[in-house]
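Look at the two complexes coming up: chain A is in both, with chain B in one and chain C in the other.
Take a look at the complex of A and B:
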């Protein structure tokens, strides 16, 4: 923990917030089409239908807001899931939530011939919720209840199951592959603002609930027996956390497709900086998650310009070494 | 004798297996009670059920005459605290943060951190000798200090009754005595009711006012150590032959097991006689 005193923690949050806003601004200004801060400002105050203004309003702004919202949601989900399962590797991708959403979309495309991204949203939301509940119910079975090991095994098993179904169906139906592949790659590009607005209420409820439940997360982190002994209503709190996870992870995957590793990496970075107190950790991780996804998405525009790399590839590039590091550290302890 | 906790026809089990069968037991108030018994006899299970960590299959646990299953869990947390066996603190948590969690039952949306909370936390740190370590991380402490930090958390909870599940496991002898002395003092000074599971029969005899020996899903015997501990009890509860002597320092019963081993001087090997 680097920021020890409450005043320095508050300072850390303010710096992160400023950086977050700067990244949103940079995401609006930087890209293949040259624009300046001035043009961006004009696009909102004196819109003149020029190519630059259209790009800023219809492409860059939605993209920036989606990256900010999705990055924040995934990071907060990671914190909640890691504390809930007491597993340092828990995140929506590892516990099968992204795979569940992927399968739901592929099923819908194949059997209901759904083609619009708008419809993908709801279907993937459904799939994510189903996967989360399935993993939770399976791992809660048995007299010892929800243990870190069982939830990891259940998550890995469900993720593998969903992924192999997805692969199987995709192999059998190549015709409709392209649209699905685009979504499955995980990207914040080419998504319309309406997509975000459609899930924003759920994300908003998730963010507020995650911050409100922070004191209880602190108690939950001490282990089930201690938490119960301190009078925490364990069953109810766990269910509420799962619901928040479904709202945030489901909403994110619905808008941007499965974007990996933010949910694992950011909580660890945030804990290193601000400590384990969830009242600081949850908002701070949210800001860092937004910053990482915004930065990764800006980077994705420049690597093979004029073409773009899916942002999921960039987060995986950052995330894989971090994942190995955390796994090794986790096993050592 | 006033009672702190009573069990009524309490039956406990996991899955299909019964561990405790229809037990009626009364725990005296203001005293130190220690549960003893062989591995897997159900002493920890019984302790956990008294702290509502385990739901009874049948029967009830009564705290001040009221069934704990019917009391709000936060209200119970103000009257009874439990230190589970080998608890683990989240990585990076400081001693102060750990002890502050003990005040959780007293907080809600309206009432956040108060002066009383602060005072109880400071008292708990002082009573356990942890004040100077309050800004250290729990995972950096030695085993004995860590256990003292956890006991400080249960003290901050400010409860009449304190339950501890094998508080001395994994500690060396020095720290075992240190922890038990600390609990003994708490009982002496503040008359808190302490109920714990201990493995070491001799330490149990030294510190406990009341011993509950568990065997065959029920209580085999209970009472003052000097009144109930006998070779016959040890044989029945631990399935071991022994002689009971008197502790040369405290006068409490001292269990000396038969068996093999070196002999020094003209001592007779009792094992041959058996």
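Take a look at the complex of A and C:
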């Protein structure tokens, strides 16, 4: 923990917020069609239908906002899941939630020819919810209850199952492969603003609920027995946390596809900086998550220009080293 | 002790304890596998009587029957059988070594490593005319390199005053996620027709099998199955746990690396030709353990036979159930494997 006093923590959050806003700005300005801050400003104040203004309004802005929202949601989900399962490696992708949502979407596209945004969102939630509950229930079974190793293994196996079903469906109708492939890799490119607006209510509820439940998370982090002794209604709190996780993870995956590793990396970085008090940790992790995804997305535009790398691939490359580091450090048994 | 018969060779450097009861079960499994093999060769778009299939094997039958059985069906059935055997044997070794019943080559990332290498190979070495610029014969080498590279990476990253099974599994899961990201990247960078090919391949399918491939996978797998069999007593000792194994004079860490290498080689061969068929390495050893117990000398052949049987059946279902659409065998193995995995997690309750 680097930021110890409350005043420095507040300062840390303000710096993160500023950086977050700067990243949104950079995401709007930089890209294949390079624009300046000035043009970006003009695009909103005196729109003149020029190519650059159109790009900024219709392509860059949605993209920046989606990256910010998705990054923040995933990082908060990671914090909640890690405290809930007492597993430093818990995150929506490792525990199979992303894969579950992915399978649900592919199923819907293939068998029901779903095209409406609203349906898309609900299906993604359904998949995420089903996967989250399945993994949680499965790994809680057994006399030793929910151990960190068990939930990781159960998650990995469920993810493998969902992934192979997704692949199987896609191979059966190759026509859909191309359009779904990019979504499956996780990307914030080419998403319309309406898609974000469709899930924004759920994300907003998730963010507010996550911040509100922070004091209870502090108690939960002390372990089930202590938390019970301190008068925490364990069952209710856990259910609420699972619901928040489903809202945030399901919403993110509906917009951007399964983007991995943000939910693992950011909570750890945030904890290193600001400590384990969830009242600070959850908003701080949210901001850092947004910054990371925005930065990764800007990077995604430049690596193989003029084409783009799906941002999910970039986060995986950034995330794996930290995953390995945590796995080496985190489990001493 | 009349149930067992000892066997020693090379001054006791190689030794086995033959379990007569298990021997019978292995015999029954062998016959069952042979039956499924023959029936499977007869089923498909053109149904052929199993007796006629036998007749074709011995050189008879009409030209049409010979063409269908020998050229179309036999290669894929053999590859399904051999790949299943290899994956199951590798899974059995890993489970014994990691002492976790849920470990398998797909979970610790070896399969994904081979997969990424194959997808990379397909997209790097293909030109605009939809053909490969280098011989497809190099494909297994690529798979092998990918598998071995990931195997060693996982192993060395898990090393910290020795390798503990838990770290090996966790780091395997992380690296496996990275390899999946690599696969997606390569599929998107490569030409799109390769993407669909690669996609079928990552699910695990033997639909493109040829005799050439059979002659590559067969000796490779046979060799490493034999090596695995010779090392079976080391697996048994590893299963006792680190302290006991070291206590009876086993070089625990050295053998862990060795066993990991053998299982990697087995997986690489299977993945190179049959793709990422999942859950076999998890399921088959468990079923085998139920049948014959956990002594690796008998567990290895039993689990190999069950693995081969499962993949053959999965492929048979895949090509007949929704005909003319072919469903990759990996979909069926996952469909049986995942519920089985859940059952395993539940079952630990009773212990």
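Here is the rule we use: the second predicted complex is superposed on the first by the 312 of 333 C-alpha atoms of A that agree within 3 Å, B and C clash if a C-alpha of one lies under 4 Å from a C-alpha of the other, contacts with A are read in each partner's own complex, and residues count from 1 in each chain.
Methods note: a residue touches a chain if its C-beta (ideal position, glycine included) is under 8 Å from a C-beta of that chain, and two chains touch if they have at least 3 such contacts.
Remember, predicted model here, so these are calculated numbers, not experimental data.
Q: Judging by the criteria at the top, classify the pair chain B and chain C on chain A as clash or fit.
A: These partners fit in the superposed model.
Q: Looking at chain A, which partner touches more of its residues: chain C or chain B?
A: Tallying touched residues of chain A, the top partner is C.
Q: Give one of first, second, both or neither to describe whether A:271 is in contact with chain B, with chain C, with both, or with none.
A: The first partner, chain B, only.
Q: Tell me the contact category for A:316 with respect to chain B and chain C: first, second, both or neither.
A: In the superposition, A:316 contacts chain C only.
Q: On the A-aligned overlay, A:215 touches which partner chain: chain B = first, chain C = second, or both, or neither?
A: first
Q: Have a look at where A:141 lands relative to chain B and chain C in the superposition and call it first, second, both or neither.
A: Second partner only.
Q: Would you check which partner chain A:170 touches, where first means chain B only, second means chain C only, and both and neither mean what they say?
A: So A:170 only meets chain C here.
Q: Quote the smallest CA-to-CA distance from chain B to chain C in the superposed model, rounded to whole Å.
A: It comes out at 10 Å between the closest C-alpha atoms.
Q: Share the list of chain A residues that count as touching for chain B in one structure and for chain C in the other.
A: Touching chain B and chain C on chain A: residues 143, 333.
Q: Mind pulling up the chain B residues that touch chain A in the complex?
A: Answer in residue numbers: 14-15, 48, 51-53, 72-78, 81-84, 87-93, 97-98, 101-102, 104-105, 107, 157.
Q: Mind pulling up the chain A residues that touch chain C in the complex?
A: Per the stated touch rule, the residues are 89, 93-94, 138-139, 141-144, 149-150, 152-154, 156-158, 160-161, 163-165, 167-168, 170-172, 174, 177-178, 181-182, 184-185, 260-261, 304, 307, 309-310, 312-313, 316-317, 320, 323-324, 327-328, 331, 333.
Q: Residue numbers of chain C touching chain A in their complex, please.
A: Per the stated touch rule, the residues are 100, 102, 106-107, 157-158, 160, 164, 166-167, 169-171, 173-178, 180-182, 184-185, 187-189, 192, 195-196, 199-200, 202-205, 276, 278-279, 282, 322, 325, 327-328, 330-331, 334-335, 337-338, 341-342, 345-346, 348-351.
Q: With touch defined as at the start, can you tell me which chain A residues reach chain B in the complex?
A: It is residues 1, 83, 143, 215, 218-219, 221-223, 225-226, 228-233, 271, 275-277, 333 of chain A that touch chain B.
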